[in-house]
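In structure tokens below, several structures.
There are two complexes below, and they share chain A, which is joined by chain B in the first and by chain C in the second.
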Partner chain A sequence: MIALTHIGTYLPERKISNLDLLNKFEVDESFIRNKIGVVYRTRKEVHEKASDLCIKSFENLQEQTPLNLEDVECCIVVTQNPDMNIPHTSAIVHGALGLPESCACFDISLGCSGYVYSLSVVTAFMQANGMSKGLLFTADPYSDIIDENDKNTALIFGDGATVSLLESDQPGLVALGFDFGSKGASYKSLISDGRLFMNGRAVFNFTASTVPISIRKLLEKLNLTKEQIDAWYLHQGSKYIVDTISTRLGLDRDKVVFDMYEYGNTVSSSIPLLLSSDLYKIQKGQKIGISGFGVGLSWASAILEKV
Partner chain B sequence: MIALTHIGTYLPERKISNLDLLNKFEVDESFIRNKIGVVYRTRKEVHEKASDLCIKSFENLQEQTPLNLEDVECCIVVTQNPDMNIPHTSAIVHGALGLPESCACFDISLGCSGYVYSLSVVTAFMQANGMSKGLLFTADPYSDIIDENDKNTALIFGDGATVSLLESDQPGLVALGFDFGSKGASYKSLISDGRLFMNGRAVFNFTASTVPISIRKLLEKLNLTKEQIDAWYLHQGSKYIVDTISTRLGLDRDKVVFDMYEYGNTVSSSIPLLLSSDLYKIQKGQKIGISGFGVGLSWASAILEKV
Partner chain C sequence: MSNVVTVKKILETIEKAHLVNDVNALALDRPLSEQGVDSLDFSGILFNLEEVFGVEIPDEDIASLQTINSILIYINRKK
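So, the complex of A and B:
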């Protein structure tokens, strides 16, 4: 059984304040705080690439739990803003960290659903190949593709990265089950070929209608009620979307974690960033729900239990 | 147990002859036929994207084995030349084919080792999530990034795509084991940020030294000898590299499949293209070896058995 045992994170120190942009975008402070839920957006340095952010998150992991690099059997990066298209960013990270030659590396291309999907993909890959230690990175530096004059995206996205340590036979979070889905026919609502375009209304409507169904379906499949889940870590798309999903599902609001005011929507890093603060507080037997949604359009939900 | 049951393929009709380029690159016909092993290179139309090639390979699959689209539970695309960076190409394929909303989609970014890696990733993912039918596409249209004046790459790469149908509890090829590896520190030998660069000598040396070790290691792990393997499907990097690996391993040359004269090196599609011709001829109990290597630098080997 492969468990999520530690999470290293990186958020750039440099921040842009949305409060400086009220006039530019003709919005008020309440819109920034209560609707979007992003006051500051973290910004990497212009020359920094996805791999640089990954490496910084790994340094944070090493501070928490010193790893013997020779023990790392796989290194996977989730990104849609790779350093280059060729090679995969995981190869660059592999080289920079000095991981062993026997280490399996590949990238997974997914957006905001990427962490949940990849938890399933990577734990299954490790289990099938008898691996006991793996690194799952998330890093999607949207600052490289955002038009700072586009109100639909300029106030939302922040840069960041995380690395999840996955280990066999260790205390940690293990997945009880997943639900996956895709609406490829609607992919044009959120695209980038160098510059991000988002139809905010379409993405909101997709999320508000799809994610509650995914979570209900998953709970039913696992024979669980929402009351049996101790905390919810939903992708931090915006405060309004997290509020809407919570309301539609009738979730106890004290159980719904929200924390993006200080850094923004970090795409596939949002859920592991949230989880990293609470990981060591979750008690054996407690269950948490996670759900990611966005680019694709794509979604994935999971229930994890601390073992 | 998830088995590889059918393979759909697509090779563009349009071809460029390397024999027309003897003067341009100051090479003779023997070099083209016996060293590179590529006489013609397949070329997609300029406007065609990776997803278009995937869809054509799916049409070929449908001719072999009509699928009920509603039964497809996952759709994965292996590519490093996606239609766009956002969304993943699998989402575009999902929409174009009209796959169901419950279908899981993601892309895997890997080059010439991509098919072998992904066979492990996708079968493990399907097994862990109780899926019985999945589509694994490969499509890496290098014609979009090749400089036709660069002798190191212009004579080698062809466009193509494949789709492997993976099914539970069906007769087909199942993996007995895998060996994976990475030399991220050498990634600069093969890169593209819009234009491909390859240090042919470095990539050749890497392959010639690494791949035989990977295959030997795998055979040993599985307690098999090379004589127990009925056929070898090595990534078709060039004739010289397939010859070199075969010689270094002391393989029976009648068992080493070679077939790239008519289309070139199709990156992650090369192994499934080779396999597609023989898939239905492989007898129950027969074992085959596959190995992919390239971009990353990265390699993966597997032994498959017909069940």
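So, the complex of A and C:
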């Protein structure tokens, strides 16, 4: 059985304050704190690429749990802002870390649903191939594609990266089940041809209508109730969307983790970033819910249990 | 039972979605944006109205839907 055992993270020290932009975008501080939920947005250095952020998250992982590089059997990067079109960013990470030639590498192109999707893909890949240790990176540096004058996107996104260590037969979080989906007909609602465009209302409507259904469906499939879930780690799209989903599902607000004030929406990194703070506190037998949603338009939800 | 959407039904929908602190304090003919409803809450209101009354509100119609009264007329026309 493959379990999520450790998460390394990286958030750039450089930050942009949304409080400096109140006049520019004609919003007040309450809107920034209570609706957007992002006070500061982390910013990588301009020359840094997704792979650089991945490597810094790996350094953080190594501080938590020293890892013998020779033992790593797969290296996967979730990104839609790769270092370059060719090759895949995971190959660049592989080379930079000095992972063994026997280590499998591939990228997964997904946005905010990417972490949840990838947990399923990578654990299945590892199980099918008898692997014991794998690295699942997330890094989607949106600062490269943000128009700082676009109110719909400029106040939201931050840069960051994570790496999840997946191991066989170790204590950690194990997936009990997943729910996936896509509304490809609406892909133009969140799109980039070098500069990000978001139809905020369309993305909000999609999320508010789809994610609660996905989570309910998953709970039903697993014969669980929402009360049996000890904590919820929803993609941190904005405070407003996390609040909306929580309200529509009738979740106990004390169980809904929210923490993006200091760094922003980090796309596929948002769920592992949140989870990294609590990972070692989750007790054996406790269950958590995770759900990612966005670009595609795509969503994925999962229930994990500590074993 | 009448299919006519009333002000009361619209206000109840907004209230149930927890989008405005006191719906009864809303002036019906004043833009919602002037009554403390920000752009995100306005999107939330439209979403709930679409869902409850089974109407689709395209982006291009939004500019004309700034007050409760204008929303009321619009929804009854669309139904």
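Here is the rule we go by: the second predicted complex is superposed on the first by the 307 of 307 C-alpha atoms of A that agree within 3 Å, B and C clash if a C-alpha of one lies under 4 Å from a C-alpha of the other, contacts with A are read in each partner's own complex, and residues count from 1 in each chain.
Simple rule for what comes next: a contact is a pair of C-beta atoms (placed from the backbone, for glycine too) under 8 Å apart; a residue touches a chain by one contact, two chains touch by 3 or more.
Computed from a prediction, not measured in an experiment: that's the story for all the values here.
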item: Which superposed partner A:247 touches (first chain B, second chain C, both, neither); value: second
item: Chain B versus chain C as contact partner of A:87, first or second or both or neither; value: first
item: Contacts of A:68 with chain B and chain C, given as first, second, both or neither; value: neither
item: Which superposed partner A:127 touches (first chain B, second chain C, both, neither); value: first
item: Dominant contact partner of chain A by residue count, chain C or chain B; value: B
item: Touching partner for A:105 - first (chain B), second (chain C), both, neither; value: first
item: First (chain B), second (chain C), both or neither touched by A:149; value: neither
item: Contact residues of chain A, present in both the chain B and the chain C interface; value: none
item: Contact set on chain A toward chain C in their complex; value: 27, 31, 35, 199-201, 204-205, 208-209, 238, 240, 244, 247
item: Residue numbers on chain B that touch chain A, as the complex places them; value: 74-75, 80-82, 84-96, 98-99, 101-111, 114, 117, 120-121, 123-125, 127-129, 145, 178, 180-187, 190-194, 196, 295-298, 300
item: In the complex with chain A, residue positions of chain C that touch it; value: 17-18, 38, 40-41, 43-44, 46-47, 50-51, 59
